[in-house]
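Both complexes below contain subunit A, partnered by subunit B and then by subunit C.
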Partner chain A sequence: MFAFVLRRLAVAIPTLLLLIVFSFTLMHLAPGGPFTGERALPPQVLANLEAQYGLNDPLWLQIWNYLVGIVLHFDFGPSFVYPDRTVNQLIAAGFPVTLTYGALSFAAAVIFGVSLGAIAAIRHNSWVDYLAVGVSIGAQVLPNFVMAPLLVLVFTLWYGLLPGGGWSFDDPSFWIMPVIALATSYMASIARITRSSMLEVLGSNHIRTARAKGMPEHRVILRHALKPAMLPVISYLGPVFVSMITGSVVIDIYFSTGGIGKAFVDSALNRDYAVMMGVTILVGALTILFNLIVDVLYAWIDPKIRY
Partner chain B sequence: MTRFLASTALAALLAFPAHAVQPAEGETLAENQTYTYWLLDAIKSLDPAKNTDVEGSDALRQLFEGLLIEDAQGNMIPGVAESHEVSEDGLTYTFHLRDANWSNGDPVTAGDFVYAWQRVVKPETASEYAWYMELMNIANASEIIAGEMEPDQLGVRAIDDKTLEVTLTEPTPYFLSTLSHTTAYPVPQSVVEEHGDAWVQPENIVGNGAYTLASHNLGVDIVFEKNPEYWDADNVIMQTVRGVTVNDNNVALTRYQAGELDRVQIPAGQYPRLEQESPEEATSVPYGCSYAYIFNLSEKGPEVLKDNRVREAMALSLNRDVIVDQILQGGQEPAYTWVHWAINGFAAPEGGMAEMTQEERNERARELLAEAGYGPDNPVRLSLQYNTDENHRLLAIAAQQFWRPLGIEIELNNVEWKVHTDRLQNQDFEVARYAWCADYNEASTFLDWFRTDGYNSGKWSNEEYDQLLAQAATADDTTPIYQRAEAILDEENPAVFVYHYAKVDMINPAIKGLPRENLRNTWYAKDIYRTAE
Partner chain C sequence: MVIDQSKMQSLSDRLVQDEVKGRSPWADARRRFWKNKAAMTGLTILVLVVIFAIIGGRFAQWSNEELDFSVMGQVAQMGQPSLENGHYFGTDNLGRDLYARVVQGTQVSLMVGVVGAAIAVVVGTLYGATAGYVGGRTDQLMMRTVDILMSIPYMFVLILLLVMFGRSMSMLFLGIGLISWLDMSRIVRGQTLSLKNREFIEAARATGVPAWRIIIRHIVPNLLGVVAVYATLLVPLMILTESFISFLGLGVQEPLTSWGALISEGAGTMNYGTLWQLLFPLFFFVITLFGFFFVGDGLRDALDPKER
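Entry: the complex of A and B
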């Protein structure tokens, strides 16, 4: 197991390198640059800017310098579009925000999703099941870009209960709407996956055996059904967790959280090369890490899996 | 206040009393003097040399003060400079600075302006707005940007701490109106040198404006507090100003209605309804930008557009009234000139298509196309490029519908912003949507665009037009010159002018002193106050 983790981490480094080289090249292939705008800059001004940011070096040298900066100084470079700040500062400001609302949303989605799915499976074909399936389909078809403005309308304008947007680490009232808007559709997916996986497990031999032994139903469910039923859910949760904590552009736009989800999309649209690379690397590294964690969890849940 | 009396006819006199808006009689001030305004997006930079956008300019105008500032009508009034004089040849301006302090208590000196302006043109600063010093025609700006001269050779010097002398390359009628721009603000040398790029972060920044920076949470909000060191602080009523970013205009409107914002832009198409529901709050005022469809007349452009009859037919048959009244619905004006109608001293030329009815225009368009050999049976095929935006899309569809019956088949080509501007600048388009906003309140800010060496993405070129604009720089009466220039645009149709912008906002009626007649919506929080409701 330990060797497996080490092996996977060793593969992670070339994977990240490839990711960096590919994204860097693709990014520079896109038409326009960070300084193309409504008015064309005089050639001399543009030349000064490109010299300042090293954009007139050959591409391989730019990639090399970029990598050297990261490895030696953990420096992801200056932002082209936010010249007052470095990429490190931008990520340090935005990532804690998305991490907070993302992790809370993840927790909410998992707790409600798994409970809803499990209850629906246990009370299969009863009104509870229909209600749970109904709720989860409803939540699934309500996209967050519809839900977010609705939440602001109801909670801010009509009832005046919650601030309509913005962010504060000290005041949880800013967190509620982003969490509801982000968690809902994930909760629905988790509920559906849990329900079908649970139904399958409940029909399997070891459950029948457990019941035949006269084991109390709650023990059958908690001890013997829930754990194996979680396998497909966990493989879904790995990438979902990463995408939730690295933020959602929709949440960031509608609730103006200052999170990193919008920064990522903006950096691509603005050709803010350094920010885009920084966030790409962050998301890439987290994805690799959480895929590894999922694999380790697999082995823990299902003793049949050996690495 | 010292008053300088003009000794020559050319010397300008500029010595108004200090300008501060005061509550009118019968108005009671609110206890809570705060103003919260809407920001569409994060502020990209608070460095006067690096700011490039409207959001940044609005913030910088509170934190810093230039030689001159603007009043509610957009007239130039004294800022840091109490008075100034101009040499007879119009090339040298001497400014006399008032006693003013930076927010750390240091005096604002002529040397701070010299340092700031040199910093803008210095290649190492890599200022995107370095060209602004070229627009101001400051001596040697272009050479320094090009790295051919040292920054200290810029045409600006401190005669003493309170006297600043600026040398221009040519007489520039609009020079004074460039001075309220953020690029021309002073910066504190010691602070910039101590902190580098981070000097504008809240813990470091030092300004000379009416407010100081209390906090700046990127993409969330920015908070300004009244600066007690400001020279006119006694007349500043508003205590706290807050800019709140809301990336979605509709959510921003909801938050305005919930009382979280005092001012917000009205989303497209909602002005008529809101004007009915809350006439006290819904406002529409002219805003100095013009919208156009540019024809690519360069070698890379389509052959068919080289025929002026085709261009004229397209210009004639675009039904601007429908665009303005049915689609935009926010007090915009149909455009038959490139210069925005509300620009100071501008009058549209007589005649031309503006004076025809739409039926007459369509009739004439059909004739022109027939002469050129086109019509519904043998249509002109062109692509119209626009960047991703709901309004641009609606307008492009409308244009497509107006042109189709005449025999002009338009293929819509939607691209993202960076691709759009990249193609515009490389002449990789046929017809493209474009908008230009005034840098200062004078017609040349628009007309220069079509000069052979102007931005001119379509590469139209006309010798007489270039000469007219060169003449205008030194002319006493520019009106007939600009009228002739617009008449040439009307004859030659390098673009279809579509509409002149309006700024359409919801404004809390308790907030007083916001300018309604300033074409560039240049507002200063020091001039506004909140009345008790």
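Entry: the complex of A and C
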């Protein structure tokens, strides 16, 4: 198991370095520098600015410095648009918010998705099953950027129950709509996957054996059916995680929650490349880390995996 | 005992005919597909949406850029959907005809979906088939590359590309094309691995057909089923991706629009009482996604009947 993790890390670290080099080169290739504005700066000022941000150095040296800054000091450099803020500060401001509602949405999607799917499979062809299938088909076409306005329309404008935007760590009523908006479509997908894999497992021989020897049904399901049925769900968790981080951009914009998605879109609109790259790399690192966790989890649950 | 020769003749004719008309797996699949109510509903919806996108513009009384000055500033009172002033779907917040804009947004969204899926199909199929057929170290290298590309947060990179190189249709296509083929190549590779040891491939190799020709003439046609199903399910994903980007205001630029941009506009103005600006684009978006998902699922069930 230890060797397996090491081997995966051996792939993960170069991937991350590649992502850093790729986005840095991309930034370098982009037309227009960070200081190209409406009004051309005097050449001396421009030269001083470029010297301060190290933009005069050859490309490889810039990349090297950037890499060293990230790896050794976890430092993404200064923001190009807000001279008094660093990228770290801008990201650190939003990260706890994203993490809070992201983790809640992830947990909600997994817990409700798996329960819904499992119940639907156990009560195959009953009304619960049809309800679950209906919900999961309907929720497929309701991505976060559709759910968000609809939720605000119903809960804020029509019934006035929940605040339509903003964020507070103390008041959970601010959390409800972001979490629902972000979690719904993934909950639906997880429910679908759980249902079909559970149906397959329930029809297999070892379940028949367990039932034949008189094991009570709840034990059959909890001990023998649920674990193998979870495998496809686990391999789907990686993509869900990525999509949720991506979706947080919509949540931050629509609900003004002020997470890292907000920092990302603001920097995209301001052409603040340093912040964009910082967020991209951070998200990339989280993605790679999460995929690693999922792989390890998968290998741990499925005895057939050789590692 | 006299045998009626003509009757025997007709019987033998029928037997021969039956044998000739033996059903191929494709005919079976087609029959199952036509019988699938959900898939047929989906197909009908899609055909209607495509017709709407193609000829809908003929019925518009306003262009998508024109401002209607008579409703400007009082959109909530005057701009609602009405047949009298020619704004069938009402107007947007600037007084532009929403019907014309929805038609135009439908064209853009469908085009992005289809082109994105087409890129994925061509690139992914060739890449996956090559990796699977050649095998060995090449396969390892090619699939590791896919693994690495897959762990990149593509939406962020796509936005990075759009911001750095300017927002244009071609950049959008390029960006979506860059990411969409990855899954396809994996699926195709898996299929190719199981195909490549079959007799007909061996025969082709024995007669000296070059590798690229085997891939194009013998492997790719046998992948069509999987590719077709996956492509149908990919189109809505591409539409979703584009809508997501447009919702953030980073997609197509005015006066062009797309479903995502229209939904975003409608969502921004809904508390002024102009709900139609959200609901019309949302309606088209939702039914089209439904249509594609139903047709995709129907195709899969038709080609793989044991999956139920």
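Everything that follows uses one rule, which is that the second predicted complex is superposed on the first by the 263 of 307 C-alpha atoms of A that agree within 3 Å, B and C clash if a C-alpha of one lies under 4 Å from a C-alpha of the other, contacts with A are read in each partner's own complex, and residues count from 1 in each chain.
Please note the rule applied: contacts are C-beta pairs under 8 Å (C-beta built on N, C-alpha and C of every residue); 3 or more make two chains touch, one makes a residue touch a chain.
None of the values given here were measured: they were computed from a predicted structure.
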Please indicate which partner A:Asn291 is in contact with in the superposed arrangement: first for subunit B, second for subunit C, both, or neither.
-> second
Looking at the overlay, does A:Ser23 come into contact with subunit B only (first), subunit C only (second), both, or neither?
-> second
Touch check for A:Thr209: first (subunit B), second (subunit C), both, or neither?
-> neither
Look at A:Val279 in the shared chain and tell me whether it touches subunit B only, subunit C only, both, or neither; answer first, second, both or neither.
-> second
For A:Gly165, decide between first (touching subunit B), second (touching subunit C), both and neither.
-> first
Would you check which partner chain A:Gly258 touches, where first means subunit B only, second means subunit C only, and both and neither mean what they say?
-> first
Does subunit B (first) or subunit C (second) touch A:Gln52, or do both, or does neither?
-> first
So, does A:Ala148 touch the first partner subunit B, the second partner subunit C, both, or neither?
-> both
After superposition on the shared chain, which partner residues are touched by A:Arg271: those of subunit B (first), subunit C (second), both, or neither?
-> both
Which residues form the common part of the subunit A surface touched by subunit B and by subunit C?
-> 30-31, 148-149, 152-153, 157, 253-254, 269, 271
Touching residues on subunit A, where the partner in the complex is subunit C | 11-12, 14-15, 18-19, 23, 26-27, 29-31, 137, 140-143, 145-146, 148-149, 152-153, 157, 242, 245-246, 249-250, 253-254, 264-265, 268-269, 271, 273, 276-277, 279-280, 283-284, 287-288, 291
What does subunit B use to touch subunit A in their complex?
-> 42, 44-47, 50, 52, 123-124, 126-128, 130-131, 134, 142, 145-147, 197-198, 200-201, 217-221, 244-248, 250-251, 254-255, 257-258, 260, 416-419, 421-423, 425, 435-436, 455, 457
Which part of subunit C faces subunit A closely enough to touch in the complex?
-> 144, 147-148, 151-153, 155-157, 159-161, 163-166, 240, 243-244, 247-250, 260, 263-264, 266-267, 270-271, 275, 278, 282, 285-286, 289-290, 293
Residues on subunit A engaged by subunit B in the complex (per definition of touch) | 30-33, 35-42, 44-45, 48-49, 51-53, 78, 81-86, 90, 93-94, 148-149, 152-153, 156-157, 160, 163-167, 252-254, 256-259, 262-263, 269-271
